[in-house]
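Structure, as structure tokens:
Each chain gets a letter, A, B, C and D, in the order it is written, and its residues are counted from 1.
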Amino acid sequence: MQDKMIARAKELLRDGAVNRVLGWKTGEFVYDITPAVFTSAEELDRDFVFDAFTAANLSKYLVKESKKEGKVLAFLKPCDSYSFQQLIKEHRVDRENVYIVGIPCEGKVDIEALKARGISGITAIEETADAVTVKTVYDEDITVAKQDVLFERCVNCKSKKVVICDEMLGENGEIVDSDRFDAVAKLEAMTPDERFAFWQNELSRCIRCNACRNVCPACTCEKCVFDNVNSGVEHKVAANSFEESLFHIIRAYHVAGRCTDCGECSRVCPQHIPLHLLNRKFIKDMNELYGEYQAGADTETRPPLVNFSMDDCEPSIVYQRGGNA
Amino acid sequence: MYQLSLDNLQNFFRQIAAHEKLYIPTDKDNVAVYAEYAEGMQLTQKLNTNRSAKDFFFPQTENLYDLRMNGKNLEIEDTREACEDFVVFGVRACDVRSFAILDKVFLADPVDSYYKNRREHGTVVSLACTRPEETCFCQSFGIDAAAPEGDAACWIADGSLYIKANTEKGETLLSYVADLLTESDGSAVAAQQEKTRQLLAKLPLANTDFEGMKKTDLMAHFKSPKWAGLSEACLGCGTCTFVCPTCQCYDIREFDTGSCVKKFRCWDSCMYSDFTLMAHGNSRNSQLERFRQRFMHKLVYFPDNNDGVFGCVGCGRCLAKCPISMNIVKVEKALEVQDA
Amino acid sequence: MQVENKEFKPLIVAFCCNWCSYAGADLAGTNRLNYPADVKIIRVPCSCRVNPMFILRAFQRGADGVIICGCHPGDCHYTTGNYYARRRMTALFSMLDYLGIEKGRTRVEWVSAAEGQRFAETMNSFVSTIISLGENKRLEDLRCKTK
Amino acid sequence: MQRIGVFVCWCGSNIAATVDVQRVAEELKKEPGVVFSADYQYMCSESGQNLIKDAIKEHALTGVVICSCSPRMHENTFRKAAASVGLNPYMVEIANIREQCSWIHKDKATGTEKAIILGRAAIAKVHLNAPLIAGESPVTKRALVIGGGIAGIQTALDIAEAGFEVDIVEKSPTIGGKMAQLDKTFPTLDCSACILTPKMVEAAQQEKIKIYSYSEIDEVKGFVGNFSVKIRRKARYVKEDICTGCGLCTEKCPQKKVPNEFNMGMDNRRAIYIPFAQAVPKVATIDPNYCTMLKTGKCGVCSKICGVKAIDYTQQDEIVEAKYGAIVVATGFNPISPAKFDEFAYSQSPDVVTSLEYERLMNAAGPTNGTLLRPSDGKHPHTIVFVQCVGSRCDGAEKGKPYCSKVCCMYTAKHAMLTREKYPDTDVYVFYIDVRTPGKNFDEFYRRAVEEYNVHYIKGMVGKVVPENGKLKVQAADLLSNEQLHIDADMVVLATAVEPDPSARSLATKLTASMDTNDFFTEAHPKLRPVESPTAGVFLSGMCQGPKDIPETVSQASAAAAKVIGLLVKDKLVGNPCVAHSDELLCNGCSSCEKVCPYGAITYSDKEFRMPDRTTALRRVAAVNPAVCQGCGACTVACPSGAMDLFGFSNNQIMAEVDAICK
């Protein structure tokens, strides 16, 4: 796939259809891949990479890139395409300045998952269709099933379909049945005390690095309320457990109905907080209460929180459902 | 040098904890974290903790004082809690060195009394590395992962813990556990050190050399065209700064509780758009400038002002944690290429 | 029904829309219908003006319960405001529940300008719920407890 | 820092009995920014107001907090008092310590403590208040009425009568609407045309009224007082100002097979036509769907025959742009198609007709010149079955309408009565669910039909109509006697439900006026503002808002006119300054706010901004039109960036109140 992508990118550059390419760049060792803009065939040949570790969702970069001179080629995976379409819906990107090449995705490997299995000192990784083999500095040679080290979002993939593109490289996939709400349901089934303990443990680890927010393709505010000294709620650090919760509740609320569930927030969290479980809770609730809705699936449907129906349920329904006191 | 069997490690911890608060790196939620020792707590097998050890001396938030209205008068209330002596066990060589770097900032005139207070009460017990990882590059800064500094230094080899005091505080610590220790010639340690050093030489970043940075003029680095490409993907989050053991920037803020105003400080990140926000606005308005500031600070300004000591210890946390995998090694290499 | 307050004096913030519920509260007053003084009302133009941030802010500052009152669905002065408020609050309350905050600490009630009786009853019942739940400890900011 | 004055009212003993007013004044004096504090028996009295005014002047107050009764009672009083001495009226805040404190608490300590807290909240808010100045906008003194039925005509006449220009836009070639098709009107049985056509003529002759017939609304921009509307004048291929309405062309046109919509398609007209004799304007129109000349370029009979050379086959649609201060929607209704109710055999037999068709069959100007004849064979019918509630009050919305169409009971009674009067040899049956006759002389009218005219009223629904041997076999249930009925009828008349005109939905979008699920326009308040739409400057007249009969329609039309006149007499509109506003530097242009705005007050534009990183960027940002915004605040919560805020109830003001209460 990488070779096909480079070839296609070079073609489009040469034809003048685009003047730059948004993709992923190789790093110093195996998995430290950085999103990057390429402007020449030489750069593409030298640095462009697409493998099990090109996990970063590129769509958010298009907010800025699409405002620049000329047309940019962007390679979007299914997840990324939902985010991109949502950004179009919110008028955040200039569609005409972007040439989208859709690329199929079979899931990305989470380096943290490898490390959690005690694998470290990685010097090389070989990837086959369903396994990865790691060579280490300690002269080990370890093979694990790919399925076991994928990102959670990939294990519970919601869609392998690129929903918006100018062309597809390879076969486009389909929306898949996923168990992505199971973890939410499991939490819902707990008692409030258990849930409280669970989230205290998770959120207390937050160091307010803002990685979740800054990577989030839905969080594209010119200035976040939490950074705005005039908003009255700005704070740089979670000084206590309340502020930890506040930031994450409000962030999840602000992206509710807009979050495509791309899972970037959980991917980048340096403290491994399962932030996607907050966003998914909103998605699950809204699906159940107001009808199925997938942000980014189209550009027309009204998001549930800026919509209503006269016979909507009352807020008290919350206290009648799920995990009891 | 003294020795004790690892079978006796819990006793070792227990006896220290009987005298002072003891913090050890232990496993929690799949990563290693420092936690106050509790009976039975196991030392992690992981190389290093997820977050750095700087919190012990420079916590993420810290209340400085309270302001209170009394009629028309403003009263200042010192809210500092009396700091007790404590021991941090198992600090890796890189993190131990980070304290020396923080000292250069906080203990230089004017002395930061909050930091100094904690530093004086803390005893640092280091632990030599045996399995350095691909993200490690401490050796680039002259740090020997096999021979860590600290008030006392430890090694684990052949089922035993070896310990050596380097300072008075270290000696005091040894006195807590004197009955558990036996003298050792340290030969096992030397053998272990040799193995570690072989591994260190094989690491992918073993040959990263920051000294070359010093050959080029400050302004040439500052004006380097490389910054645009390097900072292009930067999200402007604070992950690198917050996991970094040497980042020491903070902001001082107020919180109105309704009955008083709490003046507190908290970590800040030069990657943030509101870093050093002033009445006129920001001094660094683009992410390029903010990104450049961080690396210029660590690799150019800091050594310029501190006898050539870089503001980095090569712990590799930022390499592992950056959401877009941009890091100091890549920056160094890019600048080096340009300079060549 | 007048709730007897025991030792625990809850702090309750009530956001009332200007056109129905605030007027309902006025009517409760005009008719001398008692409800505990623990309830403090904040006037907003419409229930749709209530930002989840306000609710969390109240809890941070030490509120033990927050209630939002608006016009009955269909009667909103601005036609659709309370419909949006209904969805927003459902989503927020569900999230609070998910985070393990006690059920019942937040409530939405529709009270018209004619329902003084209902306003007083609602407040009495909400106060007794909050008393039974006890002090809000899960969404508190300890700094605000220092006196 | 504000200089705040606090004024605590005793309200006689209303407050002072349960609140220690002196203590409240003392305690609040200690709050930061409070430079003056006083208590007084009646703050709202003239001397109380003078106390406030004097303090404002003497202490150079920038903010005022009044602890008194509900702001719903005296907020305006105190605002005016402040304004009279030069303090912006929006710098006044009220702490409600009567209705929400002294009147509900018995214990003085409790009441006093709460009053202090409420006072603190008001002080906290005033600290963040800023002077607000209500925006002014000029008013274009011309109204637009959309729809030229009786509702539109009446509204236009009333507005014109008051001296304002008014334009009527009617989509068909003539005004008159559905009422023009009616024969008689209930309950007086006066001739519909006789009372309507003078109004039509009056409208045509009234100098202030301009009629755009055969025209539609293309686009509506602007807001209350300042609408700009594009009207599409459809090509009628006849020069309206030249045509004399002689009608010669409509007799000579060789294309004779055009279903005549005025007679519900029960007879034919020509391709060039005048809908009916009293049409206004009385001008011929060429139907482009049937005209041979327009379709094939071969014919031209009308052009040759026209003495004044009014025919112009090359005519194009014309767009007229005009400005209006107010818009009245009077788009009316249509009877629903009975096609979905196959059990009544409407599509199988021409003798099953709708009530409006029956109306035309009874009308002297109708297809049968007023003689009641069966459409199938032109014979006189002897047994007629009327079926009520066809499509009204349906449970499942897929077939009919959930609402009562309101007029059917009465017009069915009218039809039954007129039929029996003219043709006493006819048996007339009416099947009903309920007979609803709430209206002046309505029930008397219905009782006359039953008692004097011996119409057979049967409670029950018709199950099936089967055409058989020239008869219509009607199977029905009599619910009162609980028996099955079989009637051999000659005709069946279906009282079909009414529904809003299909053009209403797209018009509502253009007007940003809201509609209910049945596509009726919603009113600003169901009880108190029944003729206004929630969108300021848009008014509702007639059936477009809900089913109603002629007298109701006319009264609503006049009411709407009164509202319009009330608006147009103003030279300037003074807005409510407590409106939303968007901070362009924070706005992302995501459109969330626009989606929740019930008034269409938010628009977007691309603006060039200098960004923090010193680049210039074109950004899409929201702007609120303060003349349209009503200040609900829905947008402020939909906005994630906090760009959208509300004057008078800002995020920071409300949070300051929260903080003060929770201290």
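The rule we apply is simple: contacts are C-beta pairs under 8 Å (C-beta built on N, C-alpha and C of every residue); 3 or more make two chains touch, one makes a residue touch a chain.
Keep in mind it's a predicted model, so treat the numbers as computed, not measured.
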Open item on the list: Touching both chain B and chain C, which chains are there?
Closed with: A, D
Open item on the list: Averaging over Cα atoms per chain, report the distance between chain A and chain B in Å.
Closed with: 30
TODO: Provide the C-alpha centroid distance between chain C and chain D, rounded to the nearest whole angstrom.
DONE: 34
Open item on the list: Centroid from C-alpha atoms only, then distance chain B to chain D, rounded to Å. What do you get?
Closed with: 69
- [ ] Could you put a whole-Å number on the gap between the CA centroids of chain A and chain D?
- [x] 46
TODO: Can you tell me which residues of chain D touch two or more of the remaining chains?
DONE: 596, 638, 651, 655, 659, 662-663
Task: chain A, residues touching no fewer than two other chains - done: 223, 225, 233, 239, 305-307, 310
- [ ] List, in ascending order, every residue of chain C touching at least 2 other chains.
- [x] 52-53, 57, 61-62, 74, 80, 84, 88, 141, 143-144
TODO: Report the topology of the inter-chain touch graph, choosing from line, ring, star, complete and other.
DONE: complete
Task: Interfacial residue positions of chain B with respect to chain A in the complex - done: 29-31, 45, 47, 50-51, 60-61, 131-134, 199, 202-205, 229, 232-233, 235-239, 241-243, 251, 253, 255, 264, 266-269, 272-274, 277, 319-321, 323-327, 329-330, 333
Open item on the list: Give the list of chain C residues in touch with chain D in this complex.
Closed with: 11, 13, 18, 22-23, 25-30, 32-35, 37, 40-46, 48-54, 57-58, 61-63, 74-75, 77-81, 84, 88, 120, 144
- [ ] Would you tell me which residues of chain B are touching chain C in their complex?
- [x] 66, 255, 257-260, 262
Open item on the list: Touching residues of chain A toward chain C in the complex: what are they?
Closed with: 184, 187-188, 192-200, 225, 233, 239-240, 242-243, 245-246, 249-250, 252-253, 256, 278, 281-282, 285-286, 289-290, 304-310, 312-319, 322, 325
Open item on the list: Could you list, by residue number, the parts of chain A that touch chain B in their complex?
Closed with: 27-37, 56, 61, 111, 116, 118, 120-123, 137-138, 201, 205, 207-211, 213-215, 223, 227, 229, 235-237, 239, 264, 267-268, 270-272
